[in-house]
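This is the structure I want to talk about, given as structure tokens.
Going by the order they are written in, the chains are A, B, C, D, E and F; count residues from 1 in each one.
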Amino acid sequence: MKVYLTRRMTFNAAHKLWVKQWSEEKNLEVFGKCANKNWHGHNYVLYVTVKGKPDPFTGFVMDAKVLKDIIKREITEILDHSNLNLDVPFIPENMQPTTENLTIIIWQRLVSHIRGCELHCIKLHETENIYAEYYGE
Amino acid sequence: MKVYLTRRMTFNAAHKLWVKQWSEEKNLEVFGKCANKNWHGHNYVLYVTVKGKPDPFTGFVMDAKVLKDIIKREITEILDHSNLNLDVPFIPENMQPTTENLTIIIWQRLVSHIRGCELHCIKLHETENIYAEYYGE
Amino acid sequence: MKVYLTRRMTFNAAHKLWVKQWSEEKNLEVFGKCANKNWHGHNYVLYVTVKGKPDPFTGFVMDAKVLKDIIKREITEILDHSNLNLDVPFIPENMQPTTENLTIIIWQRLVSHIRGCELHCIKLHETENIYAEYYGE
Amino acid sequence: MKVYLTRRMTFNAAHKLWVKQWSEEKNLEVFGKCANKNWHGHNYVLYVTVKGKPDPFTGFVMDAKVLKDIIKREITEILDHSNLNLDVPFIPENMQPTTENLTIIIWQRLVSHIRGCELHCIKLHETENIYAEYYGE
Amino acid sequence: MKVYLTRRMTFNAAHKLWVKQWSEEKNLEVFGKCANKNWHGHNYVLYVTVKGKPDPFTGFVMDAKVLKDIIKREITEILDHSNLNLDVPFIPENMQPTTENLTIIIWQRLVSHIRGCELHCIKLHETENIYAEYYGE
Amino acid sequence: MKVYLTRRMTFNAAHKLWVKQWSEEKNLEVFGKCANKNWHGHNYVLYVTVKGKPDPFTGFVMDAKVLKDIIKREITEILDHSNLNLDVPFIPENMQPTTENLTIIIWQRLVSHIRGCELHCIKLHETENIYAEYYGE
């Protein structure tokens, strides 16, 4: 019996989309307002889903408080009130901080910390209208 | 690496549920208030999900603005403030405009316009309590 | 001590905006898509607020279940799955069923049914982006 | 063609997490505030998803009203305003009423009542930040 | 210039509605399921609003983090995962823990801790459909 | 008869809180993470409320589409994807771009554009947990 457990958390950050190898003109053409040199920002909403068998005693796939503490320590405490292009050591310099890429980065950083069950999905809302999901493959 | 990207959009429309081959009595019995001859309506919330590999330069599975423009041009500009039984050329006359059928219709209309990645899911909320999803199969 | 108690309820309905004394051209110019002859519709969200002193025994300004039953009987059971231009006896024929006017109509219909406390506000959402409020004056 | 239809419903309940075979000390260590002897509670939000082919006449995978009536009769009317540890005959005495276990219990109770299509998923929100999903396997 | 600043916070709790001076029969008649002897519970959502002039240097009516810390220390840390009838020293034994009464109790407990501006409103959601507001008068 | 009409709109922006007359140490002490030199950002949600008598023909306090166009032209098109400290001509250089101050700035910029009814309230959400309101006084 496999049950999926999801923890929702939030962080606020600034970013911009900009390819260094491209001219300013091309960056503005491709990214529009998202290429504003002075940055813009979002209230990100992160959903981390793990899967596994509920423990016969506790009824937990994973203690949701432990899951929260891992996400906080590894992700939201570092990303919250940060600049995603400048401040975060585990976002590679050449990687655009798009919602899509952030789901991969967050997966890679969390996966080894989930014990006793498996990481299943990273879902990240950039706005109420746009979100991305990554399942590790 | 496959990432899923979702764009949320809205439209408001009128409809009714009514099978022409059935008597009024049977329509009211099966559809209840949804068969009101004078129509009723909803604020529909549409989620379109595509999947693919993020571009190494842009970090995009698909440019969310392009996705929005396609959905707007092909779907929401036509369905918004429409009567789903009377006004929409691509809803077949014999097809009930239920949430379920609308997800299929929207899939079929969008699928050929998604380039560089794949259409994955059409999710449509009729109310905050009822929604349908279609994955193309 | 005055406390305000609010009950949220929903209904779905069709309507159009159309001034009979005006030409089709003027109606389309003023109301745009809202004048579609074949109607459109919304999921309305209604908030009814009453005010009064909590009862020393029950702690209720008004029994929320009684408030719900009144709203259901007088408003939502009649408006739900209706056409607001055609089906509702207490919406005058010459009154546009705009969100603004609906708040007045709902106030007038509910006010005499609230006993032991006072009706304070009718708030009505037409969409997630537009709502109106009426305080009886 | 397979479409997924989801009905959202709510119920409010009290519960606590407590393993009878464990000491009070160990229960408090593992469950923290959730082990409060005097109980705590939640507004649960339940999503039941069924899958199937839309009927060629009605356009329904399943009549959403029938689905609602089944969920109400079998689940929410029994769980609403209940104590999940004490009041619910179909929650085994030794099973922790965690969100994870509740999804399994709700699946097992609903699955035989879904006719003409298949039960696909039980999703249950305990708070806005925590939810579990079960797909029957 | 007066600006209103609001901080939203949440807590989960159990309660029941029960008048000790009344018979069980009368309690069940008046309170229905809310009188379940074994308790039920809610995810409460609390909005605390203060009003004042923004500081010319900081632009703050009140530091939102300080406001959060006060609400946490005085209210949510005590009410979270509690039984509102049994566990909370500042809820009088004879006071029904209704949403209405809780807004008064929370006001009285917070008002002296708000410095440099004024407490304006306590708003408390019991469910997504029911909330109460108290303005101190 | 006075009815209140509200239009909700959104914009995303970067900002930081920083008093130029203060040392870095004092800025970090007062503003914490909000003083990050590399900025952070938010999805702002703006509610603009106007009040007036519904027009006897149109039923409008104000045409919601006209209201939307004014807010878009005067506010959201300028603030969206901007840096609130650097990019916005009508935010004074010495004014902290706090949620509180932004409500005043937005009021002052909109008030002369509202014709045929009155501006009543500017409400601005910085996150789901913090918002400010300004009523022009």
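By definition in this document, a contact is a pair of C-beta atoms (placed from the backbone, for glycine too) under 8 Å apart; a residue touches a chain by one contact, two chains touch by 3 or more.
Everything quoted here is computed from the prediction, not taken from an experiment.
Undergrad: Looking at the contacts, which chains touch subunit B and subunit D alike?
TA: A
Undergrad: Name the chain whose C-alpha centroid is most distant from the C-alpha centroid of subunit A.
TA: Measuring from the centre of subunit A, the most distant chain centre belongs to C.
Undergrad: Return the chain whose centre of C-alpha atoms lies at maximal distance from the corresponding centre of subunit D.
TA: If we average the C-alpha coordinates per chain, F ends up farthest from subunit D.
Undergrad: Where the CA atoms of subunit B average out and where those of subunit E average out, how many Å apart are those spots?
TA: 41
Undergrad: Compute the distance, rounded to whole Å, between the mean C-alpha positions of subunit E and subunit F.
TA: About 28 Å, centre to centre.
Undergrad: Please tell me the distance, in whole Å, between the geometric centres of subunit B and subunit F computed from their C-alpha atoms.
TA: About 33 Å, centre to centre.
Undergrad: If I count partner chains per residue in subunit B, which residues reach a count of at least 2?
TA: 128
Undergrad: Can you name every pair of chains that touch?
TA: Those chain pairs which touch are A-B, A-D, A-F, B-C, B-D, C-E, C-F, D-E, E-F.
Undergrad: Would you tell me which residues of subunit B are touching subunit C in their complex?
TA: Checking each residue of subunit B against subunit C gives 10, 12-15, 33-34, 36, 38-43, 80-83, 86-87, 127-128.
Undergrad: So in the complex, the part of subunit D that touches subunit B is made up of which residues?
TA: 1-9, 54, 57-61, 63-65
Undergrad: What residues on subunit D touch subunit A, complex-wise?
TA: Spelled out, the residues of subunit D in touch with subunit A are 17, 19, 21-22, 30-32, 95-101, 103-104, 128-135, 137.
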